[in-house]
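Below: a set of structures, written as structure tokens.
Across the two complexes that follow, chain A remains constant while its partner is chain B and subsequently chain C.
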Partner chain A sequence: MTHLLYSIFVDPFVQMGAAPDLLAQTLWEGLVSGVLYALIALGFVLIFKASGVFNFAQGIMVVFSALTLVGLNEHGVPAYLALALTVVVMLVLAFAVERVILRPLVNQPDIILFMATFGLTYFLIGLGELIFGGDPKVMISDQLRLPGGSYRIPMLGGYVQMQKIDIAATVIASLMVAALAIMFNRTRIGRALRAVADSHKAALSVGISLEQIWVIVWFAAGIVAIATGIMWGARSNVSFALEIIALKALPVLILGGFTSIPGAIIGGIIIGVGEKIGEFYWGPLLGSGIESWLAYVIALVFLLFRPQGLFGERIIERL
Partner chain B sequence: MGKTVGAPILEVEGVSLSFGGVVALQAVTFDVREHEIRAIIGPNGAGKSSLLNVINGFYHPQQGSISFKGRRRRQVDPHEAAQAGIARTFQNIALFRGMTVLDNLMTGRTLKMTSNFLQQALYWGAARREELEHRAKIEEVIDFLEIQHIRKTPVGRLPYGLQKRVELGRALAAEPQLLLLDEPMAGMNLEEKQDMCRFILDVNDQFGTTIVLIEHDMSVVMDLSDRVAVLDYGRKIADGAPDEVRRDQAVIDAYLGVAH
Partner chain C sequence: MLYREVGQYKTSYGADQALFPILQDRIGIAVILLLAFVGVPLTASSFTIDSILIPVLVLSLAATGLNLLTGYTGLLSLGTGGFMGVGAFACYKLTTFFPNVNIIVLILCSGFFAAAIGTVFGLPSLRIKGFYLAVATLAAQFFLSWCFIRVAWLYNYNVSASIEVPTKTLFGLAVTGPTASPVTRYLIVLSIVALLTLMAANLVRGRIGRTWMAVRDMDLAAELIGIRLYQTKLLAFAVSSFYCGVAGAMMVFLWLGNAESESFNINQSFLILFMVIIGGLGSLLGSFLGAALIWGLPIVLRAAPAFFGVSIRSATAEQASFVIVGALIIFFLIVEPRGLARLWQIGKQKLRVWPFPY
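Coming up: the complex of A and B.
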């Protein structure tokens, strides 16, 4: 018994103290995967904030945009042109979603819209397989001139290994968050977005066009999906399996709150770091592999004490 | 300053509206003349709010037409109505609760902003000039409604009476030609009602804004309005000057009930 308590409550911290460089390495890796979770969660938050819809299709949007990018390149389109075309594809998707799904379903209960995003998910899976095939693809990191290799930084009496692509991902994610924050707080569109989130009818009465706002948020979510797709794709492969990773956004959202951009970031980092630290120091006690479910446990514990999330504005109504 | 009531600015002709089997409006014809204060009264469920919702495009009637400033339309979109110069408030306040009073009022100017996205993001050039211009306009509204002290307060925290006032302010910020007020005095105490009456009269008088209001308080209606329309079960049962309407037998029956 005492041995068990020791190995849960004392030993992991002893290990951390004994090898601080290893701790730093684990923290860094947690931070990086946290940033990527945060990117996915950001896509959800954007759409939820402006329309109250939990967009189940965010995960497949990530896959679909990455496939489009790689697929176009395979057909001989230069990398940067392919990237620009992918942006256009996401814009077309935003218009199509507004016209075909959101507009006919306006004023329907949120659960109906949520189910519609399920439909969209399977449509995009089918379309993606039809056009690009079901085989995993390799992200065109070199053509996009994404940095490869890594730095070895001496720290705390050892080394911390940092992949350059991870550093780039962190920087890009930070820039994106900053851009979104400026958009939400400084521009007329940002004010309109917040207005739509607060009250549809009041927004309509002052002449805000819901259709325009929806296209904008879905397009913004599409851009976030592209960035996420490139970053995830560069670390593993571009395949439909990536879609599952979108489910990791759920605990992030529960933690950070469905309506908060900073919440998505901080929630992502907590989940990412929590997972890695948990796996590395406590995982061996349970025979490892706890990384895949630890996030959900953290989220459950949070739900018990703070159901609106760290930064959420109101109680989560859906999911 | 004596006001001059002009030609009809809004004409609702033969409008019928139903939701499934529930009939909300039946062949309602209703006009509003420029610069007047026009009241709509009637028992609960008479279709008063439905009529306002038809005018500003929230509801699309199955029959009839709406002409505003001479443009005759079968259906209006809320966006078009706002663009044409119609602003409104709601029976149950519809403000942007998370935003400050200032931001709420600024949303009222949405359609008057012309600078582009990039300029706004960088707060540069036209955007900067424009923001300052709009702020100046908003300050006028704030002064007019005497809400200087709550400028930066999130509206969710304000007491009910002040929220109603802010909502009026948001509508005024759009500099509307036609202002629709759905029970602007509901749930207010006497003092708040008097303030609101004063604001409505001043808006009408100083800016020449045409006003349509729904109200239950009879003394308010009789004092404020130039003409009163009475709805009952979705039909218009009386229309005319306050004194005529008050004496109308159909109106008395509708309000007091009639023995069958």
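Coming up: the complex of A and C.
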């Protein structure tokens, strides 16, 4: 018994103290995966904020955009042209989603819209496989001039290995969040978006076009999806397995709150770091693989104390 | 015209509260049951029974379970696959501990284990609701999936990490295992499903079902008229998980014959949720219609090219069926967001007033 308690409460911290460079390495890896979760969560937040739709298809949009990019390149399209074309594809997708799904389903209960995005997920999985094949593909990192290789930084009596692509991902994610935050808070479109989020009817009555707003947010989520797809694809492969990773964005959303952009980033980092630390130091006790559910349990415990998330708006219900 | 109930007077409270108050409904359900219990075993091929009828029945039961929770109580759950797995693994452990007990008793008992686990994971439902609760149940799903892989005790330290169903007999007939005939398994599945559906139908129109619906429609108001939210929600979780657990046990023992953790992953949960929503939230009939549609659609789509004499590669057909299923889900939601059960209601009303439009 004492041995068990020791191995739960003492031993991991002893390990951390004994090898601080290893701890730093784990923290860094957690940070990077957290940033990437956060990027997926960002797509969710954008759409949830402006249309109240819980967009389950965000994960598959990531895969689909990455597949389009790589697939086009395989057919001989130069990398940057392929990137531009992918952006066009996401724009077309945004228009199609607005016209085919959102417009006929306006005013339906949330769960119906949620299910509709499920249908969209199936549709995109099938379409992606039909056009580009189901095999995993390698991201065209070189053609896109993404940095390769890694730095070894001496730190705390050891070395910490940092992939350049991870650093790039962190920088790009921060830039994106900054850009989105500015867009939401300072621009005309951002104000319109927030108005729609508050009340569809009130927004309509002051002359905001719902259709236009929806296309804009879905397109913005599409752009986020492309960035996420490139980053994830460069780290592993472009395959449909990424879709499962997209589910990790859900606990991130819970931590950060469904409507907060900075919340998505901070939630992502907490989940990413917590998951890596938990897996590395406490995982062996339980027979490893706890990464698959630890994030959800962290979120669950968190929910019991703060149901609206770190930065979410307090849920007020009226009778 | 078919549904003209004029002249069917109810002269007692008993008649008024009957499960099927209309004569046509009683005839209809009797015909369906007769067909299912007698007609199908005599005529259907073992392929039809094995790959269409048994799966649809088992999945309908799971969908009924989820419908009690999501459709009647308004609690969104994404842990159905996990709860089905609890039932399946509990049933497997029970057969190893009590090899001489009747298998049907064990299948029904395993539902109670699922109910207990379901209640534990239902605990957060008092504080959180909506999509937040859905994510909380995802924790259950992933945790249980992990247990099915990591806890070797659950599958008796089998090397392949899967459960193999032993052969069990009932009145000298093999019921489970590789030697059991499809017709026997079908009849048992059908009996259990029919019994549990009858129970569910009585549950939802009685006091318990009404408290569930009150909580779904507005929890604050329900609390004000004296319904204890916590008990009601937890009971919904327990009953729902019981149904899912029995469905999971039947899935392994009477349908697949063996199972690994993959059978109870997150995709299974989503599939069942699909069935409930396409079928119709808050309708038992909807659970059956939804299960039949979602299970049947890919089979029909796979058979369609051969039927029209077009030959395409099987991989392409698979991918095309994904596209079509996705598009059809969106189509159904747009045409009738309240599901197939609602379409049936509209059709019934049309039959009632035919040949007049109103």
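The rule is short, and it goes like this: the second predicted complex is superposed on the first by the 313 of 319 C-alpha atoms of A that agree within 3 Å, B and C clash if a C-alpha of one lies under 4 Å from a C-alpha of the other, contacts with A are read in each partner's own complex, and residues count from 1 in each chain.
Here is the rule we use: contacts are C-beta pairs under 8 Å (C-beta built on N, C-alpha and C of every residue); 3 or more make two chains touch, one makes a residue touch a chain.
In this text, all values refer to a predicted model and were calculated from it rather than measured experimentally.
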On the A-aligned overlay, A:208 touches which partner chain: chain B = first, chain C = second, or both, or neither? first
Quick one: is A:6 in contact with chain B, with chain C, with both, or with neither? Answer first, second, both or neither. neither
Tell me which of chain B and chain C touches more residues of chain A. C
Classify the contacts of A:80 with the two partner chains as first (chain B alone), second (chain C alone), both, or neither. neither
Would you sort A:151 into first (chain B), second (chain C), both or neither based on which partner it touches? neither
Going by the contact rule set out at the top, does A:119 touch chain B (first), chain C (second), both, or neither? second
With both complexes overlaid on chain A, does A:191 touch chain B (first), chain C (second), both or neither? first
Please give the residue numbers of chain A that touch chain C in the complex, ascending. 54, 100-101, 104-105, 108-112, 114-116, 118-127, 129-130, 134, 244, 247, 250-251, 253-254, 258, 286-287, 289-290, 292-293, 296-297, 299-300, 303-304, 307, 317, 319
Touching residues on chain A, where the partner in the complex is chain B: 182-183, 186-189, 191-192, 194-195, 197-199, 201-209, 313
Seen from chain B, its contact residues with chain A in the complex are 56, 58, 78-79, 82-83, 87-88, 90, 94-99, 103, 106-108, 110-111, 113, 115, 117, 120-121, 123, 170-171, 174
Give every residue of chain C touching chain A within the complex, in rising order. 76, 124, 127-128, 130-132, 135-136, 138-139, 142-143, 145-146, 149-150, 218, 220-221, 266, 270, 273-274, 277-278, 281, 315-316, 319-330, 333-334, 337
